[in-house]
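Two complexes, one shared chain (chain A), two partners (chain B, chain C).
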Partner chain A sequence: MKRILVIDDAATVRLYHREILENAGFDVSEAINGLEALEKIEEATFDLYLVDINMPKLDGYGFLRALRQRPIPQAPAIMISTESSANDRQAALVAGANLYILKPIKPEQLLPHVRGLLGEWQQP
Partner chain B sequence: MNPLLDQFLSESRDAIQAIGEKLLQLETAPDDQALMGELFRLVHTLKGNSGLFDLPEMIRVLHAAEDLMDTVRAGRATYSQALADQLLEAMDFVSAVLDEIQQAETDSLPANAERSAAAVDLAQALRQFKPETERSEAAGAAAASAPTTEPATEPSAESAAPRAAADAERMTALARVPEAVRMDLYQRIIAGEQFFWVCYEPEEECFYKGEDPFFQMIQLAPPCWRALSAREPWPEPESLDAYRCILRFECITAMDEAGLSEHFRYVPDQVEIRLLALDDLPIPTGAEHDGVPVADYLHSATEQLQQGDLPSLIQSSHLLQELAAPELRIASAMRWMLLLLETRPDDRALQQALLEHIRQQDDPTAASAPPTPNSRAAAATQATPQATSAAIGEPLAGILQTQAEILALEDQPDWLQGRLRAVAASLQAAFACLGEDGRGEDAARPALETALQQSLEQDSPHPLSDWLEVWGAPYLAAASEPTASAPDAASAAAPATSAAAPETAPERTASSEAPAEAPANAQAAPRKFGRRLEDSYAAPSAIKVDQAKIDRMMNLIGEMIVAKNALPYLAARAEKVFGVRDLAREIKGQYGTIHRIADEMQDAIMQIRLLPVSFVFQRFPRLVRDTAHKLGKEVHLVMEGESTEADKNVIESLADPLVHIIRNSLDHGLETAEERRAAGKPATGQLSIRARSESDRVVIEIADDGRGIDPETMRRKAYEKGIIDEQTLERLSDQEAVNLVFAAGFSTAAAVSDLSGRGVGMDVVRNAVAQVNGSIDLKSEPSKGTRLRLSLPLSMAVSNVMIIQSAGQRFGVSMDAVAETVRVPGSSIQQIKQQKTTVLRGRVMPLMDLNDLLGLDQPQVANDDQEFAVLVVRIDNDYLGIIVDDCLETVDIILKPLAGFLGNLKSYAGSALLGDGSVLLVINPRGLL
Partner chain C sequence: MALKKGKPTPSSDVPGERQQARDRDGLLQALQADDAMTRRWAARDLAAHSEAAAALVGQLRRECENSVRQVILTSLTQIGNDTAIQGLIDCLYLEDAMLRNAAIEVLKELPDQVAPFMGKLLQDPDPDVRIFAVDVLESLRHPHVEEWLIEVISQDPHVNVCATAVDLLGEVGSEQAKAALISLKQRFADEPYIQFASDLALKRIEAE
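Let's turn to the complex of A and B:
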């Protein structure tokens, strides 16, 4: 089963993503900020990261930059944001995100991207 | 309620609470950047969360609030009290919406005009604080992010599409209307009639909502034209979902707009109603022309139009029309041109636009040719060389496109290698999805790995972007994202930068050696992208438990304590009835252990229920601030001992009385700045709220240095209102006069003010306090101030009661009410009129028989020395002796209020189970009288 790490400080959002992803058959872990996520990636390997931008202690940009410097297999990361400006998108890609998706996210919008980045997407 | 909504409500409430606190903290430290950052983050998270639900009003307000906070945080707007007021008001609104959701237990509230109007006003008011230059932009952003618009997940395709595209779409839709109909409409519009274009796209689940779109449409008055089409290509029959509505209804009708709105009032968001404009109609339609000298015509016609030579234009148009077969588009164009020239000879712009339209149609290289109705889908398959590329799916195209963008980045950060690896992983995954079709996945993959290795060695994205250009080209071409030019830019720049890249490569590869430094690096990273790092937020380590669960545990422990108390009886029975002394001893030993554990458990659960008084206090700063603001008074609030703890019930019962007391202080107690200055006091009034523990009670003092309560005024008012009679008036001491504020129906304020005089007097406060076995005490000195002192038990869960005996029954009386117990010789009881009295320590005290009070038809029994047991109870600072038969021990009991009809018995505070299983009724002395 593919493992996905959901990083978001809002418990509501984590629960939401967990439900979507688990229903789709993924193994979901959670981290409440970038620092905790960095601890989590020490303990386990993930196939995909879902990263919020705004988080206490270490934000999404900081986490991605740190992640991309780790000597571990580099899994794709989706940055989830409410900012639709080109600058924010650019910043996310610079930091190491592989996709930039805007909130709010509906399951039918999230899953194809997740599957696509995990090599599991199929033409409906 | 679903768990997600539950979680959302609880998290949002916390956020609103925290936002309120931060705002108040900011008032004292408006320059605190960290505080500001945290505030922004809280609002941001709140908005993000509400996006998961269908809460348009809430999002509208929160978006405006977030926007404003962002502006303030960036220093483009200044923080002010008015701004804080507005934000607090916005949070109140959000709070109200949350309450509504909680009550409705659903995440989609029915539309409410009042609510949405309030939201619009609030958002508008928030925007007023933004600098002038940013307002319109903010309004635009708010509109774009409003959830009523298209879901924003495909920013590239949807949101970037300018308004012009929508217009073009409408135009193509109109092109489907037969030319004859349009010409007819055209002439009727010129004649002054009005027509509306209606496009109704029922939502996909409409059949499940009891809607009947078809019926809805045929109910309309017969339109000039109508059409029914599918919004998307019909799926294959085997995958067709007949219950999913993908229909589009269109019609042109002469009905008026109000009638149409009324007709579609239940589905306003699914219907587009637009007044048909004259220049919407002239759209030439028909087959491609061939061999018709259009270019010549265009050339001469443009000239003739500019010169105003209409007769020549008409002539050349006629000529072209005759040349072209009538089914050709150019013939249609000429028919329109002639019609325009005939009906609106002066409207050059209209004719010019038509010429322009013909020109675009005629010139195959004109890229901006508006697509004809059904050519859109056709274009997707024909325009691109690979018919398959359009079919790779939106997600994959998006992924490839984004990776191309990443590879086009020109920076050289420390994490470049990781970024490249992640891009390669993403590309590999995307291509794996394509693998099924066998389109080069086998060949692409090794090439990708080689490209990645090269990229890593050169520390440059170019080998990867070259690979993507080769393998991804067909798919990238299909993706019509506005940023599609990125790969081109990258490849153009490739030769220059790849030459320089190898030199920097060696030191770059070392980046993976320092994982531990990663967070530190992130901290030190440029502020631009790490801007929210400083927004630290202390996450509470506490868990939330429903109060009902704790109450249940309390009850269970109570029952266990009672069950435990049965053990000594059992031991006694074992010894006396069954004669097993050893067993009796063991039971007693075991009882000791269980007793100890039960006591500790009880203590533990009490601890859980303990709350700091700050739970109630925290809302006071805002209350005082707002109230003082409204009254135009200057008040300094001092709070002490917020961490003092008491049982949750006690704390909660405190909330309303305290609010009332504080309002009273602010409204009646403290004077305005002018009055204070005149009285020689500092202009700023002081209000202090102090909490502390005193043995097993919590004491809360509310003191102000205001005008105090004048005993003379009290006497006069009380007399005027008939609360006291003339005799009492003369007897009343100053303190007693002041205490009259607690009398029912008493309000000293000359006029009922907006704030405190709401018909709720201090008597309500006193009753609320008495209900939790608390007492209240008031001291006031005219022109110096007033001090209220509330004394409350730490916990209401366990009460200490004295067991008394009367008429052969046992009753309990709360020790809080018992002042003392005395034995009074029968000889010293005097009868004054109907009232028994005695003199206790030089003071006359009324005596009453408990049996009389309870309606038990027996005289009280004295002991062998002819002494009566008297329970002295204190009721509102007055003492009363209750004669009982005997006073027994005191016990700790768990008092349960009487339920149902018994709850109306005011004489009893409740009942409790005793260790031997018997029930003890606990008397409420106040209720006896």
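Let's turn to the complex of A and C:
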């Protein structure tokens, strides 16, 4: 079963993503900010990250930059945000996101992206 | 302006540390120094000068060194006057996500000072700024928080602003939020997240 780490400071958002992903057969873990996510990746390996941008302590950009520098097996990351400016999208991709999608997320939008990235992912 | 030479102190031989006058004008000049440590010390000591808020805000927006930014934010929190609050609010409009998030975290710590600005912030034309304003409400612990959130979910036309407000109402909402939550579900009947988050909030309110 593929493992996905959902990183978002809003408990309702984490629960919403968990339900969508678990109903689709994925194993889901959660982190409340980038700092906690960095701790989780020390303890377990994930196949995909679902990352919010604005979080206290360490935001989504900071998490991705740190993740991409670690000598661990890498995995694709989807950055999810309410911000739609071109700069945010560009910054997400530069930080290490593979995809940038906007809230509000619908299950029928999210799952094809998740399956697509998992299917085409190759270790750098 | 000529700088007064400060009395030598044990730390004065450390590069960048306390080598300039520690009065307000000296500190304001040190805040512009090339050396980050000098700027950091100046920012720290300027916390004692509320009239330096504008200069601190200006430096915050130019500052590249994260450690100096952190000290400036701490000093602005300590000053907490209208100039400091407005300067922090202005950071919500910046593209720099790290600075924006840092400003949000500081504003959350200043409930009484932020409250007078909140009504205008929640009416801002930019939906992202309205979302940041709701983020600030998260930890504001102000008596009007629920009232503001109900107003947002009743009136704001942007789904993501309402979604952020519902997340928070799920934690702080009471019986008086029920009607607005039900009406929000009807307004955004095609948005699964709004349905999910509103149901969750209503369940929690009913369970209390």
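Keep this in mind: the second predicted complex is superposed on the first by the 119 of 124 C-alpha atoms of A that agree within 3 Å, B and C clash if a C-alpha of one lies under 4 Å from a C-alpha of the other, contacts with A are read in each partner's own complex, and residues count from 1 in each chain.
Heads up, the rule we're going with is that a contact is a pair of C-beta atoms (placed from the backbone, for glycine too) under 8 Å apart; a residue touches a chain by one contact, two chains touch by 3 or more.
Quick caveat: nothing in here was measured; it's all calculated off a predicted structure.
Contacts of A:V51 after superposition on the shared chain: neither chain B nor chain C is touched. By the touch criterion stated above, A:V94 is placed in contact with chain B alone, chain C being left untouched. Of the two partner chains placed by superposition, only chain B is touched by A:A75; chain C is not. Touch criterion not met for A:V28: it reaches neither chain B nor chain C.
Residue contacts after overlaying the shared chain place A:A37 against neither chain B nor chain C. Of the two partner chains, neither chain B nor chain C is touched by A:V6.
Which of chain B and chain C touches more residues of chain A is settled by the count: it is B. By the touch criterion stated above, A:G116 is placed in contact with chain B alone, chain C being left untouched. By the document's definition of touching, both partners, chain B and chain C, reach A:P104.
In the superposition on chain A, the residues of chain A touched by chain B in one structure and by chain C in the other are 10-13, 15-16, 19, 53-56, 59, 61-62, 82, 84, 91, 103-106.
The part of chain A that touches chain C in the complex is made up of residues 10-13, 15-16, 19, 53-56, 59, 61-62, 82-85, 87-88, 91, 103-107.
By the touch criterion stated above, chain A contacts chain B in their complex at residues 9-13, 15-16, 19, 32, 34-35, 38, 52-59, 61-71, 73-77, 82, 84, 89, 91, 93-96, 98-106, 109, 112-113, 115-124. Note for the complex: chain B touches chain A at residues 3-4, 7-8, 11-12, 38, 41, 44-45, 47-49, 51-52, 144-145, 147, 151-155, 159, 391-396, 398-399, 402-403, 405-406, 409, 411, 413-419, 421-426, 428-433, 436, 511-515, 518-519, 521-523, 525, 528-530, 532-533, 535-537, 539.
Listing the residues of chain C that touch chain A in their complex gives 95, 97-98, 100-101, 104-105, 127-128, 131-132, 135, 159-160, 163-164, 166-167, 170-171, 191-194, 196-197, 200-201.
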